[in-house]
């Protein structure tokens, strides 16, 4: 394996990452100018590589579309997908659960990322522990997934409660939803890290993308064994 | 009402607090020398006032007993009770729940404080959310209490889950049980403050005593209406 | 009791919470799109359930009104009330005190929430401890309430001082009012958690709503005993 | 599935967790008295359940052994294993890597936990990024594992560097090894949560156990597909 | 003014500080070996300079006495005074107030420092705001002082309440007395910094010494005007 | 002394504070609506009380002026002065020093507050320790003041260096000037609280007003002795 | 050497700093009004001193240019250079590396500052450790520099990895690039401070300027030895 | 260059680091068992490599000596040196300054490390800014050094003041000396990171070793140019 990259001056595109890590390319759009983003996407489109962009602002998306790139934009999750190239398939299912309506943007980022990588995705939104019967109503379905992504802000208790009820890996995503002593997501982050239930690991606050990538790495392992 | 106090030099005993706040006297033993503690208890014994001491070390307790004071000491909760005087009665029940074995000292401090103040107390220990069926097994009983005290360390999710299942006030006590990112109780403190469920309020980390006092103030209100 | 919910896709409305927790429905408006909010309120209006919305922006309120929903909006507390349905009554009084003019939005959120739930509400605004005679002037009235809600930013000392002067439960609400080392409400939050006075519990920063719900749970307990 | 537990008074043993979560029983020994620990282990031995105890002090271990329980104690990882019962087997391999000698206790806790649960375990200790050639020397072997556990204190960069080099899931364990601005493990915790590399999730500081449980949940998924 | 110092190798004694700052010499004993402390005190004794040592452990004090230095040690405040030389006199009074018995060591450090510097000192210990009538009972006396030092741990509200009641400067000393969310004195530190009352300034946690030095600088200013 | 206040509904004006604390009235404008501010100022103007408003936005100032109130507004310090009534005089001098140009708004708030209260004020701006000769050039003048206010952001070392060079009380004001690890003024706040030099006390971040009030309380003490 | 400054009222220009510290003049533009900035630059231009301004907003730059000052502005790094005067030359090379595209503004601030001071500058942008082969591809060139500046946000591992691979001093610049648990740059700051590799020192978050000044001080030392 | 290491099982000794980084070997002793430490030192002694051990406890040192290793131990700095092999020489001088007596252990760690690496070392201890004349008395000598290491706890202002007075690189070492709001060295760490003076970079709290290594990397650069 030879690691290669294409040097755009402001960015070194990691053209061998897909080979090295087994995942299609992705771009973190925040902090890039819209011209930089368009340049990066263009380079991948020229090589017929599908790309997922996350944290893509409506302004960036409009600019990219206006520059003739063939993308689909989802405003809730702020993801943009450059279609084309061969699609990857993963043989497995990811259940994406979230605590409340306000967590949906992060949960949707996770769901769309997992789908882009080829996973079957099942959404269970608004199943927070304050009304725990809503979670129990979906439990049979959640238990059948290969991996569970649990997204929650405020107190963030969802991940621990779920992990105590299923046998699969649980990836916890704290969100910055809340106010006051949530300290922009610190509260659910700490809750999830201190989960008494076994089988939980945590990604950065609002990092639905990272949770989905990990979930898909897990699914790919399954695939080897099919 | 005339506020009075007895001045021991190092402490001004608040002899009218009972009258003013409706609760028997209590002493926070930590940070007091064993001689100071004995002096304070002696002053109350001389007036035939029952007193509850919290955060009382075994050394303090031994010294106090050796000095002829008529006390009962509980090593788990580190509480000491100076018996004698008329006993208060509160017409109501407090359910004290805790997440794990390691939380028992704090839960027991709450339970003994509430009992000292005259409440009926019911203990539900080791009902943490990681094995949520243990909580559900006790739910009917918990729902019948007038106030619930929920004690939990690590992730601290117990209080929010309980508050979503009962109609009564829930007083949450975070504990310093845990390690690493629990940051000595900061994690469950933030969890409890950010509870999505309604009807929860929080006291200081490890403050079983404070939770019980508040519970008893609530019970006393009930009494007026009996 | 059968727990039910109505699934709007983006939200699972907890139609049995009122039954389960004994409180009318409430909606946390922040983080919801104005279309989502209108959809939620519509679902409740169709079932003739009264609803209280908190953290409702003027834009959300205008949109909701423009969509024909029968609501009353208060711009100071950012609360919106969907009238209709049977009104709940609680037989008891809540005293809402606050430290300064800038704390009024939070105090008013508490006051309006308690009133919506059926409590008698009495407001004592601008009674901060820096000019403690203002508090003493209101003390007789405060002492007659069944529950006290103490709202304060900056140093947050009000709750502890009040709790030392009354016999009733005190629910402390730290606010984000202040600057510099108030760290957006961390300072009064810590002050209130460390209160030397007995009988205080604390809710999240700026959470006037949560304080009122807890107060009303306490009042409802009284009702059982009437 | 019927959830059951055995109530020892101070602890409700979750006898159905193995059934529910698919993992043998484990006990967190810290914060339990040695008598409580022995009582818990005895209850499991009586049912012929193998148990893993973590955070077990030498004093606890000695007491337990002196009370006739059939355990093996490892002083480095502070783990104790109650042998007996049927052994679980997981068809897969976990690579446990750590940054420095001082991280070995946590890495060893992870390794022994994974082995107890039936995984094949491979240790790569002292491969920190300050001398990155040591990591590269082991890379082929690490790439062949099904899951990688990366344990590191101080700056905690190991997990991110590894995740950029492998295709498998990476579970990151920050340790409290370090001083000064490591703030007892906060520094590597934040490093790992902010990893630029994809496919990393994080558990609590020093939580080798939790990382191993998650790794084994992943392996068990593989098993279904074998 | 020529600034001079005596170089002991491990310490440069600031022999002109008294001249430069108008205060007699002081030594911060913590972190110095008992031999270093004795050496420093000896150098001052040889020049007939009175010195105050703070944070002096009983072991340091014993060693210093055993080495023939003419000192007085107070175990509560951990202060040691090297007598001899001309005594300074300040024409003014400092009121040292503290919230509870456990704050006395810090309050006493302040009181003894002020007395060493020549101030008239008046102690009002155990006047915390949880029983505010105790403070009011002493108010006339406190109002007559030239400077007030308010020492308090836990919630730290004393300084702000006092400052609202007097016309003099108030120097606030937070203490590390408390537990849990006091975070070793952070809570009262923030409370005092956010005081709504005017005329308060704050020194480091447990820094009774620093408060007294500032108080005496204020008194010395008065002296110029006598 | 009878404490009185005028109740405007949203504010209880503390009409006896001047009598009680010896300072003219002041108003903290931030967080008040412009209508509330105008109402408060009108009430004081009607009683011919001079008032100082701090944190007054240009919008508030314009509104107040447009409503016929007789005020002077300074945009740098965001102070507004309601003239009229008898002017107070304090017989003493305050030196206001600041570290850099960006600290001037806070320093100017201190200077104008002290002047409003009747002090003689002397400004030494841009004397930060990075070019310490600028401070030494002004040292003779600073040493002649009765009180020094030292305002500094970023590293905040100015207060400690000054306190080591003068004999007078030094009031330290940390500012939020800086970026990154200044954490909005936390860095200079901690620096000042940990000052090795004697005679420093600290007020809240950016609280030039509070520093000036304390300085003037000190000056008033001098006056008694004239 | 006589230290001199020019007093503009709001700023004391440190006209001898160049002599004292050996570096040309620089101005921190943030927090200064555009009029103040123009005044400062004018004073230096009148003395024919070249000046570098950092954190210069586009608005400030436009104003300064419109006022006839002879400056060059770079919008990415927000630096402005007042040309003219004799140019300094340093005989040495600085390698400026950064982790990702979003770190370029800070890296460019470092690069332009070093170039202004006379260093030879070599840029290696987008060489983050998540794709470590990009760094290795540049390693030979990086090893030939006299000083390395490593700029990175998010996890900030770049500095430690580089320092383990080169023999030269490494100056680490954490950036505020990231989200969630990066806490505005706290995460990479802690990472860099805890670097296991030897030879790293850290400057403030986003302080590319400070890193470059230190690098140039190092280069100047080399010059003495040429 | 071929990177090699010797694998002791618990540690992979980096035998080529000296070649790669140009510095002799060093060992961080804390967190290693005394047997591990002796094993590591033995391996280096067998290859005739000189080694410096830091954070070496007296117990570790005694054990190592008792096992026949040829080491010199310094109890103040907790450093141990394994002599033998060829000594490195660096042509340059490092000035190690510290603020107070209690900072000497850290300063001495820096001084001994630099000396071990071949630098000429000059100590200026107890030159804190509270008595700034002590620093000025040493300034000519400090200015002649090639690099300055400034060690300070409490407020940590020394580094910034020195950097404003010299032309050489300044490496700042915050120490954990202090109490209360020093938060174990956080205060001086932040002070140093926010230094207004140019040319300062910071290492971890108490990391005298790291400062010295960086200083020696700088000196080695000089050597190339000699």
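A few points about this structure:
Chains here go by letter, A, B, C, D, E, F, G and H, matching the order in which they are written, and residues are numbered from 1 within each.
We adopt the following convention: a residue touches a chain if its C-beta (ideal position, glycine included) is under 8 Å from a C-beta of that chain, and two chains touch if they have at least 3 such contacts.
Note that this is a predicted model, so its numbers are computed, not measured.
Touch-path distance (fewest steps) from chain C to chain D is 2.
Steps from chain B to chain G, taking the shortest chain of touch contacts, total 2. As for how the two copies chain C and chain E face one another, over half of their interface residue numbers coincide.
Note on D-H: its contact pairs, compared by residue number with those of E-H, A-B or C-E, agree for more than half at E-H.
In whole angstrom, the spacing between the mean C-alpha positions of chain B and chain E is 36. With centres set at the average Cα position, the gap from chain A to chain E is 57 Å. Taking each chain's centre as the mean of its C-alpha atoms, chain E lies 44 Å from chain G. Multi-chain contact residues of chain A, defined as those touching 2 or more other chains: 100, 131, 164-165, 180-182, 186, 189, 193-194, 198, 204-205. The complete set of chain-chain contacts reads A-B, A-C, A-D, A-G, B-C, B-D, B-E, C-E, C-F, D-G, D-H, E-F, E-H, F-G, F-H, G-H.
The touching residues of chain E, when paired with chain C in their complex, are 99-100, 128-132, 154-157, 160-161, 163-165, 178, 180-183, 186-188, 190-198. Across the interface of their complex, chain G is touched by residues 3, 5, 9-12, 14, 16-17, 28, 30-32, 36, 174, 176, 184-186, 189, 204-207 of chain A.
Partner chain H is touched in their complex by these residues of chain G: 20-23, 26, 146-147, 164-169, 171-172, 189, 193-194, 198-205, 210-211, 213-214, 217-218, 220-226.
The part of chain E that touches chain B in the complex is made up of residues 100-102, 104, 125-127, 131, 133-134, 137, 177, 179-182.
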